[in-house]
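In what follows, structures are represented as structure tokens.
What follows is a pair of complexes built around subunit A, which joins subunit B in one and subunit C in the other.
Then we have the complex of A and B:
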């Protein structure tokens, strides 16, 4: 496609498709509570017209977007609103229009590098957790680099072990654990592997870098691209053999599906079509008659929170479909919007209170549901939704894979 | 591959009603929606127009619905949404976003303007910075329409939006509505309303408050509060996106999910397989993968020209998924901007069971049912029956799955 027609398609699909209905702004969790954010319609397609003419308004307003993608799910005309905003942010960084204070630049380095934090944190996990739980340390962290003192930072545990050796005779799958599973919740990552192995797969996990979402959200766009290209290089041999890639974190999955194809390079053309959300993958197995059934019955009623980045994948809620295959298990979809953490957004001192306000309807629903015994546990696929919900509602939150561990008799 | 009992394409009123109806009947259903449904742009009012006159009109969607069936759809609706009020025989007045009166069918009870007819004192609450709300114009229209009453404007500010006020930024009605529905908001409102009632203690008899951007019918806390007050409160309809429309959308979506229906959002259905008058599967693009969905039957509720279900190009006009034959009037427009416009009649012609028809009158697809705005031969704006057509045909389609 030549540059001209590409530009025309871009305009037709992104800009001209917007009918200015304002539904995105009405549904935007950030615009609802923060008057300084102009809202997705104004910051996305509206301002894009000006940006195309070389007119840029205050780039700080763009940084208020939490990248949750609720606007994209809402848009009745399929405009990629968040993508427009993130691209404008990237350009603002390149042009130097959005210079941050030293303190916030340091914070962006810390929060963007979930991976390095993970490596550091998991070396001496008990020490890290002990230190991070100290109020004085958290106050110091807020003062020094602006990470909110009350923000629910995750615990660190023993790191998820990588595996690149497989039995070529069995069915193979590549597992992309993501930073949260690798460093903060390796038991869940191992559970994912067990469930896949139980279904006859040998599971490969090369030494991936962070998918890049936290880097993007912290305005480190070139590092995000470097990570993507690195991961793609690792994936190429598997992609070329047609081996599927499975991720258990919806943000990682979405970035592999939505962002990676844009970066070009080897593997970029194959990655979206070969990447599956864990439950999307298991559902495919079920549809092909390849999923092991024989689930042990359960009498539990669980409440499910669909993460924003899962909703953006256009796959529905395969986990709910699968859980309903477990005899006796009841699933209730909470359907109460964004949890408010959105990656690392809610960790930032200036966003912590906003994030808690965004999540309020969800927390309220969970608290009252638990009180009335409408359900006994909460599940969600996303690691950061998990810690935010636990923080905001005091509920016990689990990754849904644990219900399959129980149903298979593996846990 | 799993074969669903039914897949509904489109998340507006017709699609959601079809989904709920089918799910209630124990069917395994999925609803695929490209974005938020058109309900969030609507006032939440369900109009039937002059049902019997429209029924007599050849090919009008109501010509496929008997009065008994329409009444059944209405009673199902009131079971589903008990906070809707109205009667089949007689319309009721509601307020437009500018303070005019219009007759309406079934409305969330807090929208009924009936109390205003006996009002002697009308207090228009004017929340500061409420977007697209013009208190002066609104109040003068109220004074003209209810000459027996004295109309006053009562401004309202809340701390929650102090930053908006100082920035001069307008506040979406839905943001005000969400605040009123919260514990703090309801507490604030209680005090504010008690204050007004106290001030006008002598006028208790004929006092009516008009309160834009409340959406009380959907919110338990607000419902309880208004019940405990001794005055009537009337909500006007609101320009889109309206909080009542958004609440109705969320309410129906939740209902559908609670009944076991699956909601696939951000999904634009792009193609359908068609084999000998049947559709075995549809497909949508999901980030580089083609997601194929099989079902025994499909409901087409993608809206018309404005909803994106009918795609209009410079020289083409087509239904985008099944390529159903369309009725297209020869002349598209006529004089009179607000009068009947022929292009509104564009849509799919159906039989009594809502199957799409070919131009020779034969069934085009035997397992597809068409409902709502996609149907041909009606004009929601001049027939005043948009909600009624969506409700009755959505209900019918849901029973066909």
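Then we have the complex of A and C:
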């Protein structure tokens, strides 16, 4: 079998695995709120059989999928539901049958290129933040390109500095910071580096492009593929030396693990096995007795929100296990589903209210928890979950790496 | 006692009988069709759904090839909504005789079948699942045809011209007066009520049941019942018909059909035309043979097996010779005027295949009209079967239904579309998909439930494709039940309706219980046996394994 027919057999087997149990649709955060979304089963494996017949769904209905991957975590048959939906969206866009309005095309460019925005935003970060906080500017943005006026856009800060020089004598790790850490939250990215260095690693960060997830979510599929191939080329020398790749953003990690292998090209076969979520990586160190312990005790109680794209990696919640190693620290898993932002989904004017509705149970739990002093802070790994939760519940939200900074006495 | 009278009575509601009803009605002949079950319940829906280009028969049977070739282009013209013009390939593999290929190319040319050679590279790009050591690939004008749809489209068209069909009317006896057949008697299958029908002409178009009917008046027909088993795969594996380029044999045709792929067939003589249960051994044989074209066949999900009984006609050979070579019997047809055997007013149309049903009907109608002294020419080759749907109706459908469901629904229901769409427009909840696999809306099922031609849940399945997709009725079966109650005494009690429906689904699933379909069946068993307390009888392998 050649690659093409192998791919075709893989897709056929995945599609055949669906037993129509509807568990995915029952758990889908969008289908629960929005009756216009046919749900992951209908838009994914059901419609796929018709798509093979040449009958296409409206791309608008497919665009309601937030790509949170709750369906894939739920599916008892390992059907690649969101992959089917994304591929259908790609084809619908390519066919040209579903032309977007100029406004939305422009918006797709803005939201899809988190990276370029980041570069622009970080040059004059205080000015950018000042401008983006003006209500009038946000109203204009909504009118001009359909970015919801109330949607919680992130702040910009000084850019994360890259590093490609390492001491080959020490243990090495490649760090994939992702756009959010690189442009909106570089202090956290630096904290990740410090924690890794504290554990004896020298940390390499070549000049990566955006992982591609925001591009996909905004229908720029060929650009997403180009980015993936670019990043793979950068990674190949490290992958071949067996140097692990660590990412602190769950969406970046997920795409490196699950999407990149499909693009082919050098490194595609190695990437999935060598990529780790930051805390998955640290947990492995702990299990091998290589994690530096000696944590300072803490008396805090924190609430943890597991991002959808972390759940989709099927690694559980390693950060919760690790935090419990810190003496005295208590972690409460919020376990309230999706926050509703899902990358850039909730930024879009037509999705903003929907996103807030999806996040309602989570926000409610946080608000009441804070009121009753069940916990004092909220943590989550994902940058956009972070700003959505802060927006929806008015809570202070942090990346969990800061607890290790404190526990190690680094912050 | 119900009494009918007509100029011509047709027995058999398959493609040929219904095609004949339309043909005669269009010629102004008052015709009545009697069918023992639902229209198209027999061989006309139990085949691979291949509209032959004639290429399959080119070498062995040039007459059949030429007939198929001609009918192929006529049907594509008159019934485009029942046909998917997907094209077909003939693939020569390493072990196939190159001399046969040369002969085949030449014979196709003689029968005016257009053949175009495809480069192997193009072939593998377009059909990545095809076995990748083919030697040569040729494209022919094969197509996929929907048996149910085409038969019903003919029936509805016949009605417009005054034709009458009666389903679930079982004919028990032919009435003979002297040397003339004057009518038939029988009973209604649902109520047991007796009926008689009289006419100067009787046409036996009962397919595999034709010999039994003829023998009741002492006429022997050389028709054998040949069972062909087929497999339905969960989705489209190929985008076009794929044939093996070698002498026709078992397991050498894949046909993409709506959302599934049909693969077949086997050939084996059986005693009764009702013997259409697919056997495990035939299924295994097909799975082995299929590797010749689809090497990874084991990895794809088979949702069911089904079998049809072909009525094969051969005038000259004795039964013992036939038994040895069912596949060798001609696929041609014969029109028999039993006046030659001294019985007047009685004609049988036997043999043939789905692709040539219209031609068979035309020849039969020519004979019948000549006998009745009504010399009106045939118009079925020119006149489109279904009315073309207005663009306003299509727009309405796109407005009220998810786009996946639009084209399929319009093709299925034709002229009834407007009523269904208006219903959904005024009550959007009726636009919900009751059958999610095949995208059948609640409103469409409701219409089928109240259709006067529908008597069982299984009839609804044939009319709508409800229960024919991946779940095989696991979800849509029970969802349809409450709708039946609206029609007061029309349907049997829930339990019996559901049991009949599940039994039929189970008949096709039982021989393919492995992999994903086994998981699906366990889920089905959980729903009907566990949740709905259908007890041990619900789709349960343990009590039906014998």
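The working rule: the second predicted complex is superposed on the first by the 398 of 411 C-alpha atoms of A that agree within 3 Å, B and C clash if a C-alpha of one lies under 4 Å from a C-alpha of the other, contacts with A are read in each partner's own complex, and residues count from 1 in each chain.
Basically, a contact is a pair of C-beta atoms (placed from the backbone, for glycine too) under 8 Å apart; a residue touches a chain by one contact, two chains touch by 3 or more.
Since we're looking at a predicted model, the values are computed, not measured.
A.B. asks: Using the superposition on chain A described above, determine whether A:77 touches subunit B (first), subunit C (second), both, or neither.
C.D. replies: Both partners.
A.B. asks: A:350 contacts which: subunit B (first), subunit C (second), both, neither?
C.D. replies: A:350 contacts neither subunit B nor subunit C.
A.B. asks: A:257 in the overlay: touching subunit B, subunit C, both, or neither? Say first, second, both or neither.
C.D. replies: first
A.B. asks: May I ask you to decide whether A:27 touches subunit B, subunit C, both, or neither, giving the answer as first, second, both or neither?
C.D. replies: Once the two structures are laid over each other on A, A:27 reaches subunit B alone.
A.B. asks: I'd like to know which partner A:290 touches here: subunit B for first, subunit C for second, both or neither.
C.D. replies: Neither: A:290 stays clear of subunit B and subunit C.
A.B. asks: Taking the superposition on A as described, I'd like to know which of subunit B and subunit C A:240 touches: first, second, both or neither.
C.D. replies: In the superposition, A:240 contacts neither subunit B nor subunit C.
A.B. asks: Could you tell me which stretches of subunit A are touched by subunit B in one complex and by subunit C in the other?
C.D. replies: Dual-contact residues (subunit A): 21-22, 77.
A.B. asks: Applying the document's contact rule, which stretches of subunit C touch subunit A when the two form their complex?
C.D. replies: It is residues 124-125, 128-129, 132, 234-237, 256, 258-260, 295-296, 299-301, 402-404, 407-408, 433, 436-437, 439, 469-471, 474-475, 515-516, 519-520, 523 of subunit C that touch subunit A.
A.B. asks: Spell out the residues on subunit A that touch subunit B in their complex, using ranges where they run on.
C.D. replies: Listed in rising order, the residues are 21-23, 25-27, 32, 35-36, 72-78, 254, 257-258, 261, 271-273, 275, 286-288, 311-317, 320-321, 324, 332-333, 335, 360.
A.B. asks: Quick check: in the complex, which residue numbers of subunit A touch subunit C?
C.D. replies: Touch list, subunit A to subunit C: 1-2, 4-5, 7-9, 12-13, 15-22, 38, 41-42, 46-50, 52-53, 55-58, 61, 77.
A.B. asks: Which of the residues in subunit B end up touching subunit A in this complex?
C.D. replies: Result: residues 1-2, 30, 34-38, 40-41, 161, 163-164, 167, 169, 172, 174-175, 178, 182, 240-241, 246, 250, 253-254, 257-258, 260, 262-268, 284-289, 291, 307-308 of subunit B touch subunit A.
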